[in-house]
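Next come two complexes built around chain A: one with chain B, the other with chain C.
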Partner chain A sequence: MSFVRKTLGSVAALALSAGAALADPALIYDLGGKFDKSFNEAAFNGAQRWAEETGGEFRDIEIQSEAQREQALRRFAENGFNPVVTTGFSYSTIIANVAPDYPDTKFVTIDGYVDPEAHPNVLSILFSEHEGSFLVGMLAAMASESGTVGFVGGMDIPLIRKFACGYAQGVKAVNADATIISNMTGTTPAAWNDPVKGSELAKAQISQGADVIFAAAGGTGLGVLQTAADEGILSIGVDSNQNYLHPGSVLTSMLKRVDVAVYEAMSAGEELETGVQVLGLAEEGVGYALDENNAELIGDEMQAAVNEAQAKIIDGEITVHDYTSDDSCPALTF
Partner chain B sequence: MDLATILQVLDSTVRLAIPLLLACLAGLFSERSGIIDIGLEGKMLIAAFFSAAVAFATGSVWLGMLAGIAASMVLSAIHGLASITFRGNQLISGVALNFLASGLTVMIAQVWFSEGGRTPSLMTGGRFSDIALPFAETLRPIPVLGPIYAELISGHSILVYVGFLMVPLTWWVLQRTRFGLRLRAVGEAPEAVDTAGVSVAGLRFAALAIAGLLCGLAGAYLATGLQAGFVREMTAGRGYIALAALIFAKWRPWYALGACLLFGFLQAIALRYQNIDLGAFTVPVQVMDALPYILTVVILAGFVGKAIPPRAGGQPYVKER
Partner chain C sequence: MNRMPAWADAVLVPLISILLAAILSALVILAIGENPVAAFSLMVEGALMRSTGWGYTLYYATNFTFTGLAVAVAFHARMFNIGGEGQAMIGGLGVALVALYIPWPHWTLALAGATLAGGLFGAAWAFIPAWLQATRGSHIVITTIMFNFIAAALLNYVLVNLMRPVGAMEPASATFPPATHLPTFQDMFAFGGTLFRGSPANVTFFLAVLACIAVWLLIWRTRLGYEIRAFGHSDTAARYAGISTVRITVLAMLISGALAGLMGLNTTMGEAERLVLNATEGAGFIGIAVALMGRSHPVGVFLAALLFGFLYQGGAELALWTDIPRELITVIQALVILFTGALDNMVRMPLEAMFGALRARRGPKPKPTSPRD
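Now for the complex of A and B:
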């Protein structure tokens, strides 16, 4: 089975090598796929904006299996694409393997971390998801009537726990007695694309009293949002603005400006500065979505409280604990 | 654990078990006729897509279901063509169909809807709504039995009841009809059936058509019953779990019901409780996810009775000259 997958995968990667131009940027998506209405789509939107504004061209590829990650990276590097932008934490180890072989190519890993000392041609872009999640956690606690809110994560990885932990802290900041039910969909990449399981998790949380559920789970999250809309409770989207999916039911979305990160990396082109970049509230790398679809759900009071907290986080008056810093969370046990 | 929680978990079990059950019965028909069907996953996936796409375009969930069944039967026909008519390797044909479905659904969805390999969300008419059985609300106050009837037995989509009905129907067809006898015979000793003057290929194609129908129902249930639209790879390996259930059930319909309910129950438990605290130690959620496969391996290893597949399974039938 897996051999067949790999063989077909390499055929697909070979097909991609045809007709490359010099020093165009390239974009490689994670397994969630280009149009996941979420993380990868945000990356695509950023690249698209870059292409429209500069008239430049970029190449992109959706991988189908784990084995294709390295193939796609090497293909793009060998064909002279620069910089090569990747989305998803899974690329970090592979980039660390590939980058030394192509010292003239700049690699960007969004959500991943590659040691900048050992690999001077890699830019790691990280987001302070815990800060954005803190804000939507506050909104969830203020919107909740039952005092119980839910969290549905995709694959159980430290990054998703970072979301959950920031969210839980935000909830507790508003209502210290609130109950937070946290579930992860699974431990394999299939957990990003299983809306049926997302629905079941949402139903289980609703039956335990949750009336606001935050889904940080890619395609699985669409099932959560759907069930929340069907059952008449509120949900919170992630990465891209998902408010429009079910107007009046999606309370807000935790924005992660992957589009901005991709746009800026592509704009910098070959001159890209490498190292490590952390985009937080101060850099507007994360935030919460407010538009005409959820304007009625978020009152002035809620908005004022969140904006105040946002200012305090930027000033350093409030520190949101980052799960990945010590693998523990003060507000939630996993 | 109180009654309400138990009922919620069992309710979830039913919803999770039905797609498995339909796919498992599909595999049962196919494999009892001697055609190994790895392509259950692909058939469900393509049915899920076409049912959602047509339900969206026409606003009718029934037309969507028919389209899903048709798409799934087309894949069945290709499988038959490759492995019966041209005597190709059944495993390879099945795997190829899975890839075909995986790529084709996303591609067509992208061309038709430009929403990145998914269909737009279906509105009320395009989805199977839950059916309230008669007297569900009047009987609810009765202790224990009332909630069981109102929560667990009532309030599912029609395909759930169809799925459960398929179990006795499958048993009856296989064990009590002439067609069923021949179908089982063609999976054990096709040469005998051929000698009796019955077409081996015809029977196997018929079995594959039934498998296509059942996978079509499973896919339609996923996309238009449980969800409101198609999402890429939304079957998430359920076709493979159905195959595991088929082996676990030793290719028998009633056992298949038990196996699918058990696997559904394990999933429901895993979704409800992240880690199960047994006092002395905690069972991590991953164990529950892996349990269907572990159980299947245990069965295959012969610890709990013997799982004997149909004798002619996997071999193309070649007429003696």
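Now for the complex of A and C:
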């Protein structure tokens, strides 16, 4: 009997501690997992920074199955967490289903889009990945000596095609005759975490003459960067600043400031303004990384050209085509 | 050979296996500095003490019942269908096509149509490996597992290039029309209340129960079932008895594939109400463990599916409210699979020896009778 009582006691304690977490924010990662050195980890870093600076607490979960997406959203909302932040576009449809049941909870979908008029308690945060990719594409074309550059994507989904398409446009803007070799790692979510295959793809592209390779492939990209360093060519990282991984070989990284988005959502707390936010070059939501690790690789001329293009994109003088707007790309065929 | 009584084979062996897995899991949880008793009670709390928890447990159990039955039917013909994953994916595709492109007037008709389509698509995906095995001797384990990858690639192609609404980011189909909405447990049992609120268990669960009964009837009450079992026990004897091995191999795999394909009803039509890329998420492989643990008997499969449903839902609760990392939750689930599936003999052999010793003490065995008597 005492065993049962002890058991019930610990359950009650857990339930209490869950209840006490009133109005703490919650963070739900996508299937890739918390420590993917890329997208989800950037979200975790943002949350961690918020917790350190404010002394606040947040709860997070790495889901294991599709059905857990809705479950995690509902359980966090029911237990008073606010706002509930999710990473990955896969949450958008589910948030649209769940949000009306919890009108007092604010939901944030990063990379997803939920109709703001139908769901006033949802904030959709989108990034203009094509703009950032355009800039690193320009850098790739300027750094390339062979006139052939590579792209290694993770899973073949529209979002990654958006990266590839922006990159190809940037390359063509500098060198209209350049060849762009584009490969996707796979067709299942395992493609996000397959550095061995990333390495194989990089080798294949190098044998075709590529001397700069952009990896937009989560954990798979680590294999691409490693191989590029081993073979003495240049690579481009993604999402987080990955320049430090192989100083002198990583030309730059296409930054996607998921950490800033999470940090700001958590800082706003319950007062979070909902709607749709598009974070592009102008908002510094995307960009290219420049630090001491790649300072020697990017000359003043290159920097000036890219900064000029950046200003023109912000002004609207250059428009970078977004693959997902019409499922086609003028600079690259898939 | 030492034979155990039937009850020991069906109940005692799995129970001891689960107990061993639980003890080992508790040690693992202790090792990372968490309280195993609290963790276990949290799992029970979350999976069995709330109606929503039951809703999830039964939802997962529905998936595992279908894939478990699929593996079990193939087992009876002594074939190892590892392709449940791919067959379920393609079954889901069939369900989605029917639900999206045929204007159904009512969900009952939609369910009937989708059942047919899911079964047909799943069976079709199992047909090629079955035919290769039957006529060419290409090993079914190799071909079915390869077909899983082909299914994943095909589904990805269809979703990204053909079925995805223009401008949508996610590789998923459009949401099915409301007329195909299957009643969830909340619709059926809550009467406007909050019972089973938001949980994905739906009417497909009862279809899974029906499938259990149908498989039992098929295997033990029909001529085809007899032929499948005869073929499984000895293909040479079956051939001598006039049973076509090609026919039995193909038919058993078609039934197996159809059962796996029906899982698509639950995930695609019941839960997501659209076709998503990784709707199966490993249920095809869990089905192998479920069939092994359930001794390929529909009742055993159903009970094992419930256990795995509990493990999945309980694992979700652990991930939500503790700091136990999800990799460790997978380890706990894997330990159960290891003990009930792979290490079955570790428990079975000592038990058999024990029962043999008991019987020997009770009295000498009767002498074997000669055929002439």
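Here, the second predicted complex is superposed on the first by the 314 of 334 C-alpha atoms of A that agree within 3 Å, B and C clash if a C-alpha of one lies under 4 Å from a C-alpha of the other, contacts with A are read in each partner's own complex, and residues count from 1 in each chain.
In this section, a residue touches a chain if its C-beta (ideal position, glycine included) is under 8 Å from a C-beta of that chain, and two chains touch if they have at least 3 such contacts.
As the structure is a computational prediction, the values presented were derived from the model and not from experiment.
Partners chain B and chain C, brought together by superposition on chain A, clash.
When both complexes are overlaid on chain A, the residue A:A23 reaches neither chain B nor chain C. Of the two partner chains placed around the shared chain by superposition, chain B and chain C are both touched by A:T187. In the superposition on chain A, A:A304 contacts neither chain B nor chain C.
When both complexes are overlaid on chain A, the residue A:E70 reaches chain C alone and has no touch with chain B.
In the superposition on chain A, A:V278 makes contact with neither chain B nor chain C.
Using the contact criterion defined above for the overlaid structures, shared-chain residue A:G223 touches chain B, although it does not reach chain C. In the superposition on chain A, contact of A:D111 is made with chain C only, not with chain B. When the shared chain is aligned, chain B comes close enough to touch A:E41, but chain C does not. Of the two partner chains, chain B is the only one touched by A:S207; chain C is not.
Superposing the two complexes on chain A places one region of chain C into the space of chain B, and among 6-14, 24-32, 132-140 or 204-212 that region is 132-140. When the two complexes are laid over each other on chain A, chain A has residues 8, 33, 187 in contact with both chain B and chain C. In the complex of the two chains, the chain A residues touching chain C come out as 6-8, 10-11, 13-14, 18, 31, 33, 59, 61-68, 70-72, 74-76, 89-90, 92-93, 98, 101, 111-113, 155-159, 187-189, 324-327. Those residues of chain B that touch chain A in the complex are listed here as 4-5, 8, 12, 15-16, 19, 95, 99, 106, 110, 115-118, 121, 222, 226-229, 231-234, 236-237, 267-268, 271-272, 274, 285-286, 289.
Within the complex, the chain C residues that touch chain A are 35, 37-38, 40-42, 45, 56, 59-60, 149, 152-153, 156-157, 160, 164, 166-172, 175, 198, 200, 267, 271-272, 274, 276-279, 281, 312, 315-316, 319-322, 325-326, 329-330. Taken in their complex, chain A has these residues touching chain B: 1, 4, 8, 33-37, 41, 182-184, 186-187, 190, 193-197, 199-201, 203-204, 207, 219, 222-223, 226, 230, 245-246, 334.
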